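Order of writing sets the labels: A, B, C, D and E. Residues in every chain begin at 1.
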Amino acid sequence: QETVRIATEGAYAPWNFLDDSGNPAGYEIELGNAICETAGVTCEWIINDWDSIIPNLLAGNYDLIMAGMSITDERLQTIEFTEPYFPPDPSKFAAAPGASIDFAELSGVRLGVQSGTIQASYAQDNYASANTVVTFATADQAMADLAAGNLDLILADGAYLDPVVAASGGAFEFVGEDILIGNGYGGGLRKEDTELKATLDEALAALKADGSVDALIAKWFDGRGPFFAE
Amino acid sequence: MIEDIGFWFSYLTNGKHLTWYASFQFTIFAALMGGALAVIFGLAGATMKNSRFMPLRLVGSIYSSIVRGVPDVLFFLFFPLAFEQAVEWVVATQVCSPEAIAAQTAAWPPCREANWFLGTTEYLLLASVSLGLVYGAFATNVIHGALRSVPAGQLEAARAYGMSHSQVLWRIHVRQMWVYALPGLSNVWMLIIKATSLLSLLQIADIVLWADRLGAPNFLPAVGLVHEDWRWRYYLVLFVFYILVTWLSEKGFEAIMRRVGKGILSEARA
Amino acid sequence: MQGFLDDLAIMAPAVMFNIYFAAASIPIGFVLAVFLALGKGSNNPLINRMSRGYIYAFRGSPLFIQFFMFYSLALSLNISVWRPLGISGFVLHPLFIGPMVLILNTAAYTAEIFYGALRAVPRGELEAAKAYGMSPRQQFRRVVWPNLIRLAWPAYTNEVVFLFHATAIVYFALPVVGGQADLMMTAKSLFERDFNAFLHFSVAALYFLLVSLVIFFIFGLIYQRLMRHLPAQPGIRFVPKWMR
Amino acid sequence: MQHASPAPAGSSPVVELRGLHKSFGALEVLKGISFAAREGQVISLIGSSGSGKSTLLRCINMLEIPDRGDVLIDGEAIKLRGTGASRQIADEAQLRRIRSELGMVFQSFNLWAHMTVLQNVMEVPLVVQGRQRDEVEMEARAMLDKVGIGSKTDAYPSQLSGGQQQRAAIARALCINPRVMLFDEPTSALDPELEVEVLRVIKVLADEGRSMVLVTHDMEFARSVSDWVIFLHQGRIEEEGTPDDVFGATKSARLRQFLNAANHT
Amino acid sequence: MQHASPAPAGSSPVVELRGLHKSFGALEVLKGISFAAREGQVISLIGSSGSGKSTLLRCINMLEIPDRGDVLIDGEAIKLRGTGASRQIADEAQLRRIRSELGMVFQSFNLWAHMTVLQNVMEVPLVVQGRQRDEVEMEARAMLDKVGIGSKTDAYPSQLSGGQQQRAAIARALCINPRVMLFDEPTSALDPELEVEVLRVIKVLADEGRSMVLVTHDMEFARSVSDWVIFLHQGRIEEEGTPDDVFGATKSARLRQFLNAANHT
């Protein structure tokens, strides 16, 4: 049986994180295991820093990335993606409650993003001239700075922020308008691994068809969606 | 109260924490292995630097000055990557067919077959070698200096009574050299211990990475205990750990010094 | 070759950050170190213990950990302390907290060097000063300090170079504000683009080496001036030792 | 306890030691030493290696603090407090004042290596005594001429030969215009010719009426330069007297043995 | 060139120097030195500081390689090749053999710091001469008793006083049973009593018929111990002769001045 090494970050709950026993857990882990089972391959999970997750894929240290990675044109130039396993999802701004932020002319604001994400390049392109964009190695670190008041604003995946803002008991709130960037989330692959892509896509399609994927989304994202079946 | 203790006990012994504790082995292994290699490279480097043969002398000197001239992190990152690429390049010249090379879209490796999978073990070994190489350059300098600090009179006396070159070298020179080298080598060892904190930069899930993950704020009950940013507490533990290791090492070196320093050190008398 | 020149150009602004971090921490670290060294040499048990403890803690733990620890400590004090004082953005800025941690760190290392030199000040010269009735302040200013700085200079030069090298890990531990990436960050991101480890890391190494040599050169000149009274011992001794 | 020294009665002692004791840990080096030096007197301390000569000299200006006993300069006792090993200076200001009247010449010279010869000589008058630079410089140059190294004013100590260093150290001590000069083995490690030069300088000083206490292991030198010789043995004064008495009519058996050895070579 | 030494004619020289020259850079230290020491003879080298005494002694066992001239031990010349400053040992094995016949006692003793006194003495017989341990140990202990430090066999050099170190160094040199002993300032820095002891040891050696070349700055010592005295001045032998001639009927003006100074103190 073929082994597929899957890299994840382990610091992006509920997509992927390390559970109390120290193992990777989360939506992508369950989904990845289901895909492997369906496709009849063995999965092995590897924890890798977000920063170097694409380089290490290319360097051949693993075969697949499942780490809440958006499918973008820029990334498609270097790697290939599976079909999306999570629908396109708007990015959202979160801030401490009561912050008065003028989104019409956003300026002088300290905006936190995770480095190497679509939000980071979006912020760089749209806000960097008038604001301070602070990049963090992990999304958790960015949240910590926001919680500690070192940031005015954070821009991240909606599906990442939703549960956090909901669970924060009013410590954070969404502000401004959501932004739609990215084409959904998929597994990253080396371009030459066309066979593997085909295998995985087939398995994923099967899981989507029988509703398993939506069930997992519902399970991990408090039933909030977005779902494929709409 | 009892409940509190029970809660904290089970929290601190959950799988995540156990993994953290287990990861100390990587740090300790890298330090010991790196230290041993540093002494070996140091002896080799110093011998080359002392060689009568000009090119060898040059190699020794260039090694010790170039490596010491760049930051340890830089070399520490560079060496494993470069080593991996070099191996892959050599493999590629053997296994890659033109088609395979043409099919390769990524910048590296040349073809899929030449790829070398690096896991934690490989990275750990490479990291240790890398530590050995970097701090071997420092050890080269220390040992070279120590060889020159042995009082000339001690060697002259040996020569004057007809000892051969190798007798002078091994019976007098090297034997006394350790006393002068040990303080410097102890410094190098302290540097190595501290450099082990950089293992996480080489994709090793070491104590630093786990401290970050464990301390990061958590907002989701599904993920585990909900807590705010606790990272500095975890780092404080590492801080204390390193200080303890340093303290132990110092005691160890003092003991060794008393042994080798017999007769040479004035303190050894007391 | 073109890639090499491109890299040189790309990294030129980046090296300024490393230089900034070093330049901002060296003078203050130096002053702090003098007090710490005197503290460690002091007979007052409280001052002695505190200086010793400080030096031990900062020399005994990795700078990398110190960066993480101090940043997250500063972060946790943000709402209660920095905010009310209105210095929040300033305190947590890498361009401030980076040099701050570096200062705390280099002060400990430098203090140890100065303390060693303090103990190496020729006892006889100090006794002569005492015997002729100099006050403790006069003894320090006129005899101890001039000796101390000469004795410590070569080791201090090394420490300055190490400190410069240590600036390479600032951004491995601290967030990057705007485009303020240093040499290491730049080299690493260039590497991740095309996997040319040999090119990008070598160029970064070249910059580090270059600045290190400049430091050695400048400090060597100062050493030469300091050692005027020892004609048999030309100050350039230091630089060739480095090149050798 | 006070020993009679052969000085004109009536002149008060410039240096007086009363019952000095000093131990290093368990080793008792000085076991009750008393003597007095009057104006213009030259006193030599002799004794075998380790007998405590240097320690005694260093007790006079409190570089070592005696465990018991007092040191009086011009009749004024240096104030100490506490007892035994924890005895301390009681009055720093008094000590500084007194120290600047005691010109010590160290066995190993202890010239300040980072200053030229002239700077070495001018340092104390300028910094401690706060005198005028012009005046001090004139005096310093004159003094250096007097000891015969007027041409070396701008050399650093490391550029001088041993004998020249020795003379620079003497000039430095003289320039603070001390009541008393303390010399520790002023001719050790000099070849015979250099020894003669130093001897000449010391004789000139004695003729000027300056008091001196000096330690030496050269019996010929002690005999020719001093008014009073003290032989230390096992921490006590074993014998003392004029050079003629001590060397000519030796009483103590231990001293006779010591001198025998010295004559033998 | 060879100078007549007052030894029974017919016995061949144990050490012979022929026209030795030695420069350090531009400084010419030895400018043609020749002399010969016969079996059982004690030769003293005197001269002011920097006159080249130590250098001459070190040339004898090739710790310094002379630029010109030869050293002959028992009539056999030590082989050298090349010329001037680049002159080199031609035959390492020959030199090692010859060196083990020359027992040098260094001015600063150079005892091996990491070995006890006994180990110091036994090292060369065991390692260089490859002799039996039992036999060597017996001999070494006997030798240490003879020089009077039999009780210090297990002490490290740093635990000895200067005089004891000196004697250990002598024992070490003696234990290799050399044809010739080379002493560099064997009594420097010793107090008069220790000097007497060293003198006694040297006399015993001379009585046993061992040849010796020694450097000293102590005229009394040179007079009492040697058969032949050589005065070095500016790299040349300025005067030589029996002690009575050299010290009693001095011919050279320079030597007279030098000795005058020595007597003066």
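Keep this in mind: a residue touches a chain if its C-beta (ideal position, glycine included) is under 8 Å from a C-beta of that chain, and two chains touch if they have at least 3 such contacts.
Being a predicted model, the structure only gives us computed values, none of them experimental.
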Where the contacts of chain C and chain E overlap, which chains show up?
B, D
If you average the Cα atoms per chain, which one ends up farthest from chain C?
E
Chain nearest the overall C-alpha centroid of the shown protein atoms
C
Of the chain pairs A-B and A-C, which one is connected by the greater count of C-beta contacts?
A-B
Between chain B and chain D, the Cα-mean centres are separated in Å by 56
On a C-alpha centroid basis, what's the spacing between chain A and chain C, in Å?
40
Approximate Å spacing (C-alpha centroids) for the pair chain B, chain C
22
Cα-centroid distance, chain B relative to chain E, in whole angstrom:
51
Note the residues in chain E that touch 2 or more other chains, in rising order.
none
Multi-chain contacts only, two chains or more: what residues does chain B have there?
106-108, 212, 229, 231
Could you list the positions in chain C whose residues touch two or more of the other chains?
72, 75-76, 191, 195
In contact, pair by pair, are chains A-B, A-C, B-C, B-E, C-D, D-E
Report the residues of chain D in contact with chain E in the complex, numbered from low to high.
48-49, 162, 187-189, 191-193, 195-196, 199, 217-221, 224, 257-258, 261-262, 264-265
State the interface residues of chain B toward chain C in the complex, per the touch definition above.
61, 65-66, 69-75, 77-78, 81-82, 85, 106-108, 190, 193-198, 201, 208, 211-212, 215, 229, 231-232, 235-236, 238-239, 242-243, 246-247
Taking the touch rule as given, give the residues of chain B at its contact with chain E in the complex, in rising order.
151, 153-154, 156-165, 167, 171-172, 175-176, 179, 262-264, 266, 269
The answer for chain C against chain B in the complex is residues 56-57, 59-66, 68-70, 72-73, 75-76, 165-169, 172, 184, 187-188, 191, 193-198, 201, 204-205, 208-209, 212-213, 242-244
Would you tell me which residues of chain D are touching chain C in their complex?
61, 63, 92, 95-100, 102-104, 106, 108-116, 123-124, 127-128, 156-159, 172-173, 176
